[in-house]
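The following blocks contain the structures, represented as structure tokens.
The two complexes that follow have chain A in common; it is paired with chain B in the first and with chain C in the second.
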Partner chain A sequence: MPGPRTIPFDYPAPGAGPAVALPGAGTPWLDALRADARGLSANGLPGTRMEAWKYTSLAPLAELDFSPPPAHEAEASESADPFDAVAGPCAVFVNGRFSAARSRLDSLPAGLRVTGLAQALADDPAGVEGLIGGTGALNGEPLAAFNAAFAADGCIVETAEGVEIEEPLRLRFAASPGVAPLAWHPRVVVRLGAGSRLTLVEGHDGPAGAATWSNPLADIALGGDATLSHVKLQVEGPDAYHTALTRAALAGGARYESHLLALGARLARHEIHVRLEGEGAACWLGGGYMARGSQHVDNTTVIDHAVPNCESREVYKGVLDDTARGVFQGKIIVRKDAQKTDGHQLNRTLLLSRKAEIDTKPELEIYADDVKCSHGATAGEPEAEQLFYLRSRGLDHRTALALIVEGFMCDMMEEVPHEGVRAVLIERVAAWIDGGGCP
Partner chain B sequence: MSAQHDAAQAVESYAGERYKYGFVTDVEADSAPPGLDHDTIRFISAKKGEPEWLLAWRIKAFERWLQMEDEEPTWAKLHYPPIDYQDACYYSAPKSDADRPKSLDEVDPELLKTYEKLGIPLQEQEMLAGVAVDAVFDSVSVATTFKDKLAEMGIIFCSISEAVKEHPALVQRYLGSVVPYSDNFFATLNSAVFTDGSFVYVPKGVRCPMELSTYFRINAANTGQFERTLIIADEGSYVSYLEGCTAPMRDENQLHAAVVELVALDDAEIKYSTVQNWYPGDAEGRGGIYNFVTKRGACRGANAKISWTQVETGSAITWKYPSCILQGDNSVGEFYSIAITNNRQQADTGTKMIHIGRNTRSRIVSKGIAAGRSDSTYRGLVRVQPKAEGARNHTQCDSLLIGDTCGAHTVPYIESRNPTARVEHEATTSKISEDQLFYCRQRGIEEEDAVALIVNGFCREVLQELPMEFAVEAQKLVAISLEGSVG
Partner chain C sequence: MLTIENLHATVDGKPILNGLDLAVNAGEVHAVMGPNGSGKSTLAYVIAGREGYEVTAGSVTYRGADLLAMSIEERALSGVFLAFQYPVEIPGVGSATFLKTAVNAVRKHRGEKEYDAMEFLKLVKEKRTALGIDDGMMRRALNVGFSGGEKKRNEMLQMALLEPALAVLDETDSGLDIDALKVVASGINALRGPERSMLVITHYQRLLDHVVPDRVHVLAGGRIVRSGGRELALELEKSGYAGLGLEPSAAA
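So, the complex of A and B:
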């Protein structure tokens, strides 16, 4: 039976207390945008009858009474910074709010600018309009409307033309659960000047505690020949909900690399839309997801080849244990004029338990004839032959299985160019496996 | 470059061609007035002299359908103006129905001529060894051959209306058991108003000695066709069933919402092959058939096998997902499909493989070919239920695009709930390479023949699944469907 189209959802929850003033209130364009977005958010959360949400039900989210975190900085529990060992500039957000005290942004490399969104709206609202203005930005994305309506903070990352920045820039979103369910909607804008290069490391972490809902929206625009390596690690606590939308638009010759490792949260959706708008643009989407218990992890991607001669590669690999459920929805669109498109996509999932479930929907939508496109998907338990090979060399079942899972996942992590960041991800994979991932 | 240019030109030139099988037979139809209400259903039921239980079932379906107003499927990648279901005519039988012919000599000569034009002269069919024909003209079967021979083996092959009268227990037991009356918008409509179709029952251990075949033919203006086919293969039996269609040229869109149900018990095998070549509409897509079909087979018993093979070249709109429910342990489902769209045709077709039993296996091979300004979509579901230990699926979807104004889409859904299951999906999209064309051309093969050759090669895996008689016809059809569309 088809589910509902939308799920009624009151946000902020009635009785959450007086509304917290949003930055830039009183700016006409922003007020109008927020009013429109609020109107859309009043429709509720997307239901499973909407094709894009067929396999991910937000009904459990709708049952909770979320409110925005109070304006003062939270003092409650916090988890350790997963990328502690990685040097370089770092912007820290606690419950979605920029924390200048915890950030390390004083000695940014030349050509890199990082500004808190609330700060930018206070200093120069007109300058921000070009970055987040226009309701077109909502583009029918139901959760983007929540972000547009309620974003209290975020940041703007800009690089000058031609600069190559060695040290990775980190954005750390730390959750600090309160007593009641809290929600935040950070807005990130990334603008890379033509020919510039940057590594952006986005981390979402948090301890166990009351429910949290983080609903980040990132808009990335890469100038001609610019390269962004975007690493995302999501290790929020077991009571967290995470619904992220990342949109990237690439000018000619630009390259966008996304490397995701999703381990945390009770329910997480990582949605990425890439639009290849200039000839010669290329993107790599690599994703790893590991889930156990009753976790639900959803990866939804849309790669839109709008012009000829672009290339896209996408590989998502997952490991599911216990009653965890994984969802992969990957769509490649090749527009009418996008001849010579080269697009390939692969989803592989290892099921470690009798009750784990994977739902995969790789989708091709092609309107040009001179293209090379393919997709593939596999799902199943680890190969008996592989296990036997290892067992025959004296490894016990558990060790053998751990080795297979590690090899399967680390394959993905090896694609991360930055050594220090890569090491953190590989360590996380190993830790997940040690946490009982292999029966 | 030149091949590309020629292709575009050729597509345009093809647009001017007329449908080869477009003609109308002038037979006065005995039709129900247009519109659909309780009376229409009573009329159909009375006209066919049906028992009370069937009328009650139709009414139940109709009442469900009335509640389904907003359940008309919109998820397919198909665009067509809203259908006015009250505008269609739900029953039309050839005039001579009241006095059924006892032999071919008594059949309306106009009808026989129609079949001749289609290249299926019944008289010759009877002599062609191994083929029995249950020909459907509009909605009522007018001739069935080789019945006696089949009857000797205990095989029942007749129209479903006849089966309702002669074998009510079988019909009542299996009708709606695979596609329930409330299944989906079009199937529910069909359950309410179905007029006729084929019924096959193969008893235990019997291997049907010939290919059973029904030719569908749509005629009479404004008549929706609502076929209902039910095939039951009892334990250890085997049957191969062929379905093929062509239709006359028509200006108004014609609705076709058929339901086909297959039931395979222990160790039984059903092979169901379709060649669908209904009128696709003119170059602008006007007047083609709307084909909304629900086809589903249930492998009820252990080691049962159901194999669907389809060659879809006609219809303005195709909405069709022949499926297999693999309930029995070790049962096998197969789906081989070629879908060719040209001009403004739209096809959204694929399959569902539902793995329920242990060690169930399924294989999907889909070849989509799009030319002109058409859209061809493969949409399929592979679902592995928790108890389907050791289930296996392999899916291969290949699309071929001819010209740069068409679209080819692949939308596979994979839902796996058993770790021992192995599910694999592959899809590719490509075009006819200039190298391939050049290779053929330099050997003196005409451009058009070269394309037919290459496309036939592309489809080979599916074509070879068809029974011999059909394979020959289908190969020709593949070539004809793309005639002129490429250089």
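So, the complex of A and C:
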């Protein structure tokens, strides 16, 4: 039975109290953008009859009365910072709002600029228009409309041409649940100057508590030959909803790497759109997801080869236990002129329980004729032969299974170039296998 | 050490072992030879406890206990070791990590102190050097991308570290070059001792030149059809299974 096209959703919930003023209000272009976006958001949440949302129902989210967090900084009912051990600059957001006091941005390396979005809108709204303005921000993405209408804060990250930033820049989004359901819509803008390099480590963490909904939108533009290594760890609590959209546009010779480890939240969607706009651009999308209980985790990617001679590699690996459900939708578009495209996609899922489920939908839309593209998917129990081999060496079933699962996931994490960050991810995988890993 | 009586086993409902009898005393090395498909690996798997190999009749007694009643890991912990004909690749699992986990599991079971990282490193270095295994292999994922010969050596390294009481070597000599064969054979001989028994499955006399067996058995059609001293292997080398009145094709 087809579901609805849209799900009615009143946001902010009626009776949530007086609306919190958004930064930059009164700026004409911004007011117009927000009004448009609000109009779109009034249509509701995307329903399962929309092709892109076929396997992920937001109905449980729509049943909750979400409202934006109060303007003052939340009390710290928080989880520990997962990347505590990683040195370097760090911007901290609590319930979507930038916290200068808790951030570590005082000695940024030369050529790196990090600005809070609310601050930027207050200081120089005109300077922000080019970064978040225009209806392109909405682009038919229902949840991007919520973000554009309600973003109260966020972050602008810029690098100068040619700089190579050694230390990773962290963006930590900490959830601090209140008594009633809270929602936030952080907006992140990343602009890398030509030939520059940066490692960006995005963390989303939170404790158990009342429901939260984080709806981040990140717009990334990489100048010619720039390289961004973008790591994301999602370990929000069991009552969290997480719907993220990351859009990256790559100029010639640029490289975008995405490394995701998704463990948390009751329902999470990690959507990534990459547009290869200049010849010789390349992207690597690597994702690991582990879910148990009744968690739902969705990875949706669209890689758009707009010009010739670009390369894309995509590997998503998941481990699903209990009645957890996974979704992988991977679309590769090769435009008519994008000859010599080299695009490969793989989704592999280990199912640890008979009731766990994965829906995989690869989609190749190819309009050019001289291309190399492929996709593949596997899903199944851990191999009996592997278990037997390990047990025949004296490992009990549990230990053998843990080793196999850890090996399966850590293979992915090995792709993360930064050693300290990689170690944190590997530790999280091990903790998840031990029954933890996220609240 | 090991007594097998009237063993019948099926795989996917197909009878493979059909009344096999075999007894190996402590300290003895027995060779098992036989045509392709005669059930040698099946016997090895039944001893190790692989799922899907159903014993329909008979018994296997190991050091006085009912081996068939034990789980796979119980067998391993109590000293049964199978060197696989086709060692299994396990992506993402580091060889060194795996070895340490396995060795410490066995030591813990024996009531011995678990090795710490340094002690273990030293021990592995000593054992792997004797087998001509370089450090690079230890840092790779278990058996992943190892050559055939490297996999077999890695099995021997595991045997040397786990110090089993009963080792079943399933065609450990296949795929080894001439020098590697000598290295592996001396590894096997180094482990020979009054408290250790071995069942060496092989197709070739070559290995038995180096590892001299106490007994040689011929397995065909799921049963031991001939047993003798080491000269039986030499006889087979000369005249083949046909010389015993066995057609290889009739055996399976």
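Just so it is clear, the second predicted complex is superposed on the first by the 434 of 439 C-alpha atoms of A that agree within 3 Å, B and C clash if a C-alpha of one lies under 4 Å from a C-alpha of the other, contacts with A are read in each partner's own complex, and residues count from 1 in each chain.
Please note the rule applied: a contact is a pair of C-beta atoms (placed from the backbone, for glycine too) under 8 Å apart; a residue touches a chain by one contact, two chains touch by 3 or more.
Every value quoted in this text rests on a predicted model; they were computed, and no experiment measured them.
*Asks:* Record, for the superposition on chain A, whether partners chain B and chain C clash or fit.
*Replies:* fit
*Asks:* Touch test for A:Ser374: chain B only (first), chain C only (second), both, or neither?
*Replies:* In the superposition, A:Ser374 contacts chain B only.
*Asks:* So in the superposed three-chain picture, is A:Pro362 touching just chain B, just chain C, both, or none of them (first/second/both/neither)?
*Replies:* first
*Asks:* Just chain B (first), just chain C (second), both, or neither: which does A:Asp10 touch?
*Replies:* Neither partner.
*Asks:* A:Asp434 in the overlay: touching chain B, chain C, both, or neither? Say first, second, both or neither.
*Replies:* A:Asp434 sits against neither chain B nor chain C.
*Asks:* After lining up the shared chain so the two structures overlap, which partner does A:Lys336 touch, if you call chain B first and chain C second: first, second, both or neither?
*Replies:* Touch partner of A:Lys336: chain B, not chain C.
*Asks:* According to the stated criteria, A:Ser392 is in contact with first (chain B), second (chain C), both, or neither; which is it?
*Replies:* So A:Ser392 only meets chain C here.
*Asks:* After the superposition on A, what does A:Met409 contact: first (chain B), second (chain C), both or neither?
*Replies:* The answer is second: A:Met409 touches chain C but not chain B.
*Asks:* Per the contact definition in the header, classify A:Leu352: touching chain B only (first), chain C only (second), both, or neither.
*Replies:* A:Leu352 sits against chain B, while chain C stays out of touch.
*Asks:* Upon superposition of the two complexes, what minimum C-alpha distance (Å) separates chain B from chain C?
*Replies:* 13
*Asks:* Residues on chain A in contact with chain B in one complex and with chain C in the other?
*Replies:* Shared contact residues on chain A (touching chain B in one complex, chain C in the other): none at all.
*Asks:* Okay, in this complex, where on chain B does chain A touch?
*Replies:* 4, 75, 386, 399, 401-431
*Asks:* Any idea which chain C residues touch chain A in the complex?
*Replies:* Within the complex, chain C contacts chain A at residues 48-52, 71-73, 75-77, 81-82, 84, 87-88, 90-93, 97-98, 101-102, 105-106, 109, 141, 158, 162.
*Asks:* Spell out the residues on chain A that touch chain C in their complex, using ranges where they run on.
*Replies:* Against chain C, chain A makes touches at 384-386, 388-397, 399, 403-404, 406-411, 414.
*Asks:* Quick one: which bits of chain A touch chain B in the complex? Just the residue numbers, please.
*Replies:* 51, 336-337, 339, 349, 351-381
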